[in-house]
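What follows is subunit A paired twice: with subunit B in the first complex and subunit C in the second.
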Partner chain A sequence: MSKLYTFLKYFFITFWTVFVVAPFLWAVSTSFKDFQSVNSKVTYIPWLDFEPTLEGWRVLIKSPAKGGVDIVEPYFNSIFVTCTASLISIVLGTLAAYALSRFTFKAGFVRNNDITFFFISQRIMPPIVLSIPFFIFLSTIGLLDSLLGLVVVYIVLLMPIAVWIMVDFFNRVPKELDETALIDGCNPYQAFYKVVLPNSIPGLIVAGMFCIIFGWIDFFFAFILTFTEVQLLPVKVVALNSSITPWWSLSASALISVAPLIIVAFIVERYLSKGNLSGALK
Partner chain B sequence: MNFKHKFVFLFPGLFVLIGILIFPIIFTIRLSLSGWNSYTPEMNFIGITNYIRLFTDDPRFWESFFRLSFLSVTTVILQYVIGFALAMMVWREIKFKRFFRVIFLVPMMTTPVIMTVIWRTFFHESLGPVNDLLGGLGVKPILWLSDPVIAKFTVIIVEVWQWTPFMFLLLLAGLLSLPKEPFLAAAIDGASPLRKFVYVTFPLMAPISIGAIIIRLIEASKIMDTVFVLTSGGPGTATETSSFYIYIKGLREFQMGYAATLSFTYLVIMIISLTIIAKVLTKLMIKE
Partner chain C sequence: MNLIGDKISYKPDEQFHLNDVSFNFKKGNLYTLLGRTLSGKTTLLKTIAGLLNPDQGSISFEEKDFIKIPVWERNVAMVYQQFINYPHLNVYENITFPLEQRKLSPEQVKKDVDEALKTVGLVGFENRKIQELSGGQQQRVALARSLAKKAKILLLDEPLVNLDYKLREQLREEFKRIFSEGLSQDTILIYSTTDPQEVMELNGEVIVLDEGKVLQKGPAKEIFENPSNLKVAEISNDPPMNVLKGSKNSKNLNFENISLEITNHFKNLEDKDYNFGIRASEIKLDENGEEFEIELAEISGSETLLHLKRGNSKIIALIEEVMNFKIHEKVKINFNVNKFYAFGEDEKLVSSPYGGING
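After this line comes the complex of A and B, so read on.
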C-alpha cells in the first residue's frame, strides 16, 4: 500500500515537472531554429535534428529599420510601468490596509469589511469592461498612449492586491505593538512608521511581489490603451504572432520576457521555506 | 486612539481608487443607455432598448456566459485538486523539495499571453511537438485548436498549467502555517494517512481553501488573454467567453453602447454569483 503510494507520488511529481518544463524546453529549442527547421518537419535537438542559428536572438536587438524587432525599449517601458504602479499601489494600499485593520469605520450601513470588499472587488472587473471607458477617459485628459496613462490604469489593477494581502497581514500583527508605542509617546504616524512597518517587511515583500507579477503579466490594457508611442513587452511579443509567424524570434523574445520574474519564484520559495510567507498569505 | 487619524491612513488609497474608477463606471452605465455605434457615434439616449435586446434577442452572449462558467469552474476545480495534491507532496520532507517547489511555482510568474503564444506553436497541428510525439506512438493527429470540443480542453490545459501554481502557493503557505498539535494527536491515535487527511488536514485547510478558490474563480472568470491568442474565440464561437464577446461587440464592431450594456450586466451577474458561491462554499466546507 505505502509502496504503491510512494510510486504514485513520484510518478505524479515527475509528470507535473515535465508538463511545467515542456513549453520552456520547446521554446529554447525553437529559438535557435531557422525557417527550414521549423517548417519542414518537427525538430527537437540542436545539431542532431537541425543546425542551430542565433538569428532568432539577434533580431531582438536590431532596430526595426533593419528588419529587427527591437524589444529593448518595450522592455524598459514594462519595467517602468510595473515598478511605478506597484510602488504607488503598495504605499497607498498599505496605508489603507492599516486603517482598515486597526480602526473601525462606520458610515450608514458601510463597515470595515465592506470597504475592504470594495477594494478587493475591483479585481472582479474584467479588463474589457474598463478598457472602453478608460480609453475615452485617457484620451480626454491626453494620457492615451503614454506611460503615465498606463500607470494610472495599473494602480486600479494592483492596489486591490496590496490591500488584500496587507489587511490580512496587519490583522496578524499584534495590536499591543502599536499600543505600546503610543503609550511610549509616539503619535499614530510614528507608531505606524517606526514600529508597525519594520515588523511588516515579510508582508510588504509578498504584496510587492504579487503587484509586480500581476503588473508585469497584464496584456489587455496595454493592448487597448497604447499604439505606437509606447509599447509594452507583452504587446510587442504578441504582435510577432501575425500571419507568417517567425517562431524563432517569437520564442526568443518570449523567453527573455518571462525570464526576470522566474527569479521571483526563487524568492517566494525561500520565504516559504523560512516560514515567513505563511503569515502573509493566509 | 485619536479618531481623525484613521482617515489620514484610509483616504489617500480610497480616493485615488474611486477617483480613477468613478468616471469609467458612470460612463459605462450612461453609455449602456445609448445607441453609440459606428454609424451614430454619439451619446444619445435610447432608454433600456439595449437591455431589452440583450435579454430577448442575444443568445450568443448567454452562450458565451455559460461557456465561461464551464471553463472557469472546470479549471478552478482542476487547479484546486492538482494544487492541493502538489502542495501535500512537497509539504513534508521529500528529496529535492526546494527544487520541486520552485518548479511548481514557475508558471504563475510567466506572462499568460506570451506563454500562450508558445503553447500555440506547441499545439500546432502539423508543426507542433505534441502531435508529432503522439504520431510516433501511432496516434492520429489531434485537432487541438480547430475542433470545437477539443479546443475547449486545450484552453483548459493552458489555464491549468498557468494558474495551478497560484493555488499551490496559497495552499502550501496554508499547510506550512497549520498548528502541529492535531497531527501529533492523530499520530498517537495511530490514524492512517487517509484518515489523517480526511479528519485533520482537510478540515483545518477549509478556510484557506475557500479563500483560494474564490480568488481563483474571480481571476478565472476573466479568461481572455489565453482565448485571445490561442483560438481567438474559435473555431466559430466554440471558445468565446463573455469578455471576448464584449471585446468583439465593442472594439471590433464598435457597438459601444451595446457593449457597455453587456459589460454592466456581466458585472452585476458576476458580483451576485460570486457572493452566492462564497456563501455556499463556506456552508459546505465548514460544518460547525
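After this line comes the complex of A and C, so read on.
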C-alpha cells in the first residue's frame, strides 16, 4: 500500500515536473537552432542532435532595417519602468504601512483597516475597469505613450502590494521596539530609520521582489497606454509575428523576457523558505 | 526636585487604565508598583516615560511640566518585561545606542558602557548578537542599556516576569546589588511587579494598584503588616490571604462552625460580623485541629499548597514540606490565632496583628 503510494507520489511529481519544464527546455533548445535544425527532424540535445548557433539571439539586437527585431530598447524601457515604479512604491508604501501599523486614524467611520483595504482593493478590481480612467487621465496630463506616464500607472498597481506586505511585516515588529528607541532619545523619524527600517530588510526585499514581478509581467496597461513612441517588452514580444520573425528568435525573446523573473524568484524563494518574514526579530 | 504626579487619569476606552493616581517620588529612592496584570502598572510607567499622555492630571519633574516634554527629551530609561533590544545591533552597540543619541564623547561612552556591562555581569559578551543570548542575558543587556544611560528616572516594568524560575531568583538577588552599586543618588527607580515577594525583597516604597486606582502607599513592611483593605491583602500576598466570613463575640471569633478563642489584638474589637484574614503560612496541620476537605494539593519546590474547603469557605494552606495528599481526603488544621486580621464588611482593615487601626 505504502509502496504504491510512494510510487504514485513520485510518478505525479515526475509527470508534473516534465509538464512544467518541457516547454522551457524546448524553448531553450529551439533558441539555439537555425532554420535547418528546426525544420528537419525532432532534436533536443545540442552538439549531438544539432549544431547550436547564436543566430536566433542575434536577431533580437539587430535593427529592423537589417532584418532584426531590436528588442533592446523595449527591454531597457521595461527595466526602467519596473524598477522606478517599484522603488517609488516601496518608499511610499513602506511609509504608509508604518503609519497604518503604528498610528490610529479616525475619519468618520474610516479606520486603519479600511485604509489598508482601500489600498488592496486597487488590486481586487479587474484591470479593465481602470483602463479607461487611466487612459483619460494620462491623455489629459499629456503623459500618454510616455515612460513617465507608465511609471505613474505602475505605482498605482504596485504600491498596494508594498503596503500589504509591509503592514503585515510591521505589525509583527513589536511596538515596544519603537518605544524603546523613543525612550533612548530618538525622535519618531530617527526611531523609524535607525531602528525599525534596519530590522525590516527581509520584508523590504520580499515586497520589492513582488513589486518587480508584478510590474514586469504587466501586459495590459503597457498595451493600452502606449502606441509608437514607447514600447515595453511584453507588448513587443507579443507583437512578434512568427511569419516574419523565425521560431528560434521567438524562443530567445521569450527566454530573455522571463530571465529577470527567474532571478527574482530565486531570491524571494530564499527569503520565503527561511520560514519567517519577520526573521529579524526573535 | 521630585517627580510629582497629580490626579492622573487615563481612559482610552470604557475602562479607566489610570484613575486619579497621585504620587511624589523622591530622588535616590526605590519605588515598587504592585498590582495584578492589567492593574495599570505599565500604563503608569508609560505615562511617566511620556509614551502615553494622560487625559487628566499633571506630571512635573524638577519643577518642570513633564507632559510638555516629548519622550526623547525626558532622560528616562525603561526596561520592558519582553526582552526588548535592537536585534540589528550587537550587545555593545545596543548599550551605546542611547549614549550616541546624546552625542557623548567616545571616551565617556566607552567608560559608561564598560561600567554597565560589569554591573550586569556581561563582560566578554560585547560582540555577541542579541539572538544568540538567552532570555536572562537579553534582559541583562536591556538593563545595562538603561543603566549606562544614567537617566534620572529608571523604569523597570516587570523585568523578571518572562524569565524561568531559577534565573528569576538569581537576577532578583543581583538586582539588590545592582540597585545599590549601579545607581547614583540622583536616580528615581520605579519597579513594577505582580510578585509580592519581589516587593518585600526590594524593600522600597510600595504603591498598590488595582484597576488603575492607588489602593495603598507605604513602605513594604507597612503594606505587609497592615494592608488597608481586603484587595490589598489579596494582592500583596502569594498565595493570596485567605478570607473567612465570620463574626466576633466577647471571647471568640466564629466562622464555619469553628470557634477560636481570641487573643490580645482583638480584645478591643467591636462584636459583629467581619471578614477575617489569615495568611496561608499561618495555617498548620494539627491532629487536634479543625477538619477541612482537600480540593487540590500542589507541590512547589519544597512546599505544598493545600486548597481546602469547609462549608462555603475555601482557603489555601502553605505546608512547608513535601507531602502527598489525596483529593477529597479530610485533614485537620490549626490556625495561628495571633495572626488573624479583621476586615469590616466594607472590606476595610479594622484590626491587624501588627497593631494597625484598632490594635
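We adopt the following convention: the second predicted complex is superposed on the first by the 242 of 282 C-alpha atoms of A that agree within 3 Å, B and C clash if a C-alpha of one lies under 4 Å from a C-alpha of the other, contacts with A are read in each partner's own complex, and residues count from 1 in each chain.
By our rule, contacts are C-beta pairs under 8 Å (C-beta built on N, C-alpha and C of every residue); 3 or more make two chains touch, one makes a residue touch a chain.
Since the model is a prediction, treat every value here as computed from it, not as a measurement.
Colleague: Tell me the contact category for A:177 with respect to subunit B and subunit C: first, second, both or neither.
Modeller: Touch partner of A:177: subunit C, not subunit B.
Colleague: Comparing subunit C with subunit B, which touches more residues belonging to subunit A?
Modeller: After superposing on chain A, more of subunit A is contacted by B.
Colleague: For A:195, is the partner it touches subunit B (first), subunit C (second), both, or none of the two (neither)?
Modeller: Touch status of A:195: second partner only.
Colleague: With both complexes superposed on chain A, which partner does A:185 reach: first (subunit B), second (subunit C), both or neither?
Modeller: It touches subunit C, and subunit B stays clear.
Colleague: On subunit A, what residues does subunit B touch that subunit C touches as well?
Modeller: Residues common to the subunit A contacts of subunit C and of subunit B are 182, 280-282, listed in rising order.
Colleague: Inside the complex, what are the residues of subunit B that reach subunit A?
Modeller: 1-3, 5-10, 12-14, 16-17, 20-21, 23-25, 27-28, 31, 82, 85-86, 89-90, 98, 100-115, 117-122, 127-129, 132, 161, 169-170, 172-174, 176-177, 193, 208, 211, 218-219, 221-222, 224-225, 228-229, 242-244, 246-247, 250-251, 256, 259-260, 263-264, 266-267, 270-271, 274
Colleague: Quick check on the complex: what are the subunit A residues that touch subunit B?
Modeller: So the residues of subunit A in touch with subunit B come to 5, 9, 12-13, 16-17, 19-23, 26-27, 30, 38-39, 41-42, 44, 88, 92-93, 95-96, 98-100, 102-103, 105, 115, 119, 121-134, 136-137, 152-153, 155-156, 159, 163, 182, 188-189, 192, 213, 216-217, 219-220, 224, 233-234, 237-238, 240-241, 245, 247, 250-251, 254, 257-258, 261-262, 264-266, 268-269, 272-273, 275, 277-282.
Colleague: For the complex, give me every residue of subunit C touching subunit A.
Modeller: Listed in rising order, the residues are 46, 49-51, 70-74, 76-78, 80, 82, 84-88, 97-98, 101-102, 131, 145, 149.
Colleague: Flag every residue of subunit A that touches subunit C in the complex, lowest number first.
Modeller: My answer: residues 174, 176-177, 179-187, 190, 195, 198-199, 280-282.
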